[in-house]
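Here come two complexes built around chain A, the first alongside chain B, the second alongside chain C.
Let's look at the complex of A and B:
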């Protein structure tokens, strides 16, 4: 699961969703993988306004990855005058698209429930007393 | 100039909606001058464009349910009226084709010709006086005479002449054929309808599409074919993880060279979805949602949870550890109303789609055939689910021998045009329904008209296996 996808996911419990602590989920004992691929500047550009930047930044801190700036870059910062992708875009691409969680746990900051990740696939199934 | 779309004569109720979706995607405006579900030939006219030929190419390039688009050179109810129309529409164009190589074809729908009669038809167009060489392969231009016959008649009711402008995207149907795909299941949607559904979602480069019931990933794979980035989930984790030999959803993306577009799959239940709603710092996330929710024919639908009182509390194993933390723990599931599930999909879509984003959802029509009438009390046919924030763009129906299913397409309205009285009334009704206990007390049959109907009567051994939507197994 790409790190970008983590920005889409919160605790699955209905009672948690209203709380600020249920998003983002925290990575615990995670194993990361990096797979090189061609950048998709249009997609990154479209995703920027939809991302929770603070959550993204928190994630890089938690994982000990290169730090993100405090503010989300603007659309203009993604493309140089020559139309080529900028370093900002390439860094985002590496972080969001090339880096994946292979295994570990995603933990809710509110209820502490741990969602396991195995072979890159997270499970959000809840036991019945939590539904 | 006007344009002729040569459709395939199948899935008729999907054809116009597909072309209209592609027009919206490419920001093209056009009107239908002629369309009939009984004919593979339709005539359109572009509006507000300086480059209709470019528009025609864009419009058709991704279409699955058409073969090609042609510049319309004439229409007639017989050959004399066709020839008169061709002269009228195109005489001024003939000089520019004077020396180009060309090929001349006859496309007779429900009709056929001997070689001699084909030649006679082609020669009847000799007044255009083209002097270029005839080339069967890669000619500069291809001209076609289209004939539309009523079945079992010998004289066409309409004839058309056209110059081919561009081929459709239909080749993808062969490329994505389930026969060639590494990882499939009995429930995998066929390549053709997966690609059509992907077109209806307006999947395109730069967009984000989600399938909450992804199974072996047919829909996300089709959306990625059109360049969209995709992710999905399923209540049955085995369908995503796949087989021990490496056949899995990810392997399918690798097979088609679109793995950079696959953001990942996870195990989840739509009623307790981990996908965040908007307003948590970020905006609404999704450009499209595409899905074929399980119909629950075999086992009834399930959702996480249990109706057993004892399971409303934490269950401890004999060694004192909570059962749900054990490696082998299987969360219990309870019966779930199909109708409620559809409502959950719509509510989720309203919260997650960007303005103008689309939801494409398949559902069974159930019991709509005439022979079923009178056998049962009414109500077998599901109402089309609606949501105040979603505008129904269209419904398409696929008919099988004993049942049918339909594809519903919705568009997320801007908040400013949503009827807020309707929205608050909807939310009240919905929260009443959610807090009620009806669904937790009913049996799988009470909850699912389609399942009951399926077992009561219209089970027919002639229904091909693949059309029988197997439910998720647990």
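Let's look at the complex of A and C:
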């Protein structure tokens, strides 16, 4: 599961919907993987305003990845004067698209329910009494 | 022929054998691909988008999203949800590019508001009509699905669900659940009154008069959710028949697809991994 996706996933339980602590989910005992992908600058540009940067920064801290700046980069920083992708864009691509959780647990900050991840697939199937 | 939906719940019906059979059938592959292309046409996305694939199965629909070239507004990035671990295992084996979740869409779509630009669901949501045990009803599961889908889409976003209702009651139950969730909804029928008829539930999220503003939906009779009270009183009909050469359209799509060589990544994500996922 890409770090991009983690920036949008919340706890699936109804009782957690309204609480701020149900996002972001926290990573526990996770194994990361980096997989090379073709860069898609337009997609990153499209997603940038939708990212929760604070959650992104927290996640990289949890995972022991290099520190992110406090503020999200602006759209202008993604492209150089020559129209070429900048280092900022490449870094975002690596972080959001190429880095993924292969195994471990995603934990809700509110109810502490643990969603297991295996082979990169997170299980969000809830026992019916917890839905 | 009996419907798979009447035989078993989806996670049991799509077991290892069935999932392999489904995924390797060239007939099924081509049908799912052409319906996904049709859904994309209705979504009318202009740039690389973040898309939910509800009931993604082994990725036959999702891989089309990844394969759209930049001149056609792609490639898109997708997240799939499916309740069959065997289907997901097939997807892993085929190394599809989307992220996948083992999840029941009838329990809702667990993403924060405004996450996705669009959503597709190809041949899956009719399964939601079959849940019946003491603690879940089809209506409850449809509500949960459409309410959370609505919230997970950004304003102006769209969803297209191709589905196979068992009868007019199911068709109405599904579309009504979508409308109650707040969507502007229309149903498009390709090849109506033939045995190959295909239904697409086309859903739009908020913001102004949908009918005038959306491109690519000329054949869809869109009904604005905000006027639904009044429409419902009159007995409610929101189908549009897309008769403009559905056969020809499918042939054109087939031709396009054959022309597109699938790009195989040198860097294989899951090679050498265990294929079976057991939670």
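Following the convention adopted for this analysis, the second predicted complex is superposed on the first by the 131 of 131 C-alpha atoms of A that agree within 3 Å, B and C clash if a C-alpha of one lies under 4 Å from a C-alpha of the other, contacts with A are read in each partner's own complex, and residues count from 1 in each chain.
Methods note: a residue touches a chain if its C-beta (ideal position, glycine included) is under 8 Å from a C-beta of that chain, and two chains touch if they have at least 3 such contacts.
These numbers were taken from a predicted model, which means no experiment stands behind them.
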Fit-or-clash call for chain B and chain C when the two complexes are aligned on chain A: clash
Touched partner set for A:49, first chain B, second chain C, both or neither: first
Which of chain B and chain C A:123 touches, first, second, both or neither: both
First, second, both or neither for A:63, with chain B first and chain C second: neither
Which of chain B and chain C A:131 touches, first, second, both or neither: both
Which of chain B and chain C A:30 touches, first, second, both or neither: neither
Touched partner set for A:107, first chain B, second chain C, both or neither: neither
Partner chain in contact with A:9 - chain B first, chain C second, else both or neither: both
Overlap of the chain B and chain C footprints on chain A, listed as residue numbers: 1-2, 4-5, 8-12, 14, 23, 37, 40, 42-43, 46-47, 50, 52, 97, 100, 119-126, 128-129, 131
Interface residues, chain B side, partner chain A - complex: 205-208, 229, 231, 233, 235, 237, 240-241, 250, 259-261, 263-269, 272-277, 280-285, 287, 304-306, 311-315, 322-324, 329, 331-332, 334, 354
Chain A residues touching chain B - in the complex, by the definition given at the top: 1-2, 4-5, 7-14, 17, 23, 25, 37-38, 40, 42-43, 45-47, 49-55, 97, 100, 115, 119-131
Of chain C, residues touching chain A in the complex: 47-50, 70, 75-77, 79, 81, 83, 88, 92, 97, 99-104, 107-108, 110-112, 114-115, 117, 133, 135-136, 144, 154, 265, 267, 269-270, 273-274, 277-279
Contact footprint of chain C on chain A as seen in their complex: 1-2, 4-5, 8-12, 14, 23, 33, 35-37, 40, 42-43, 46-47, 50, 52, 97, 100, 116, 118-126, 128-129, 131
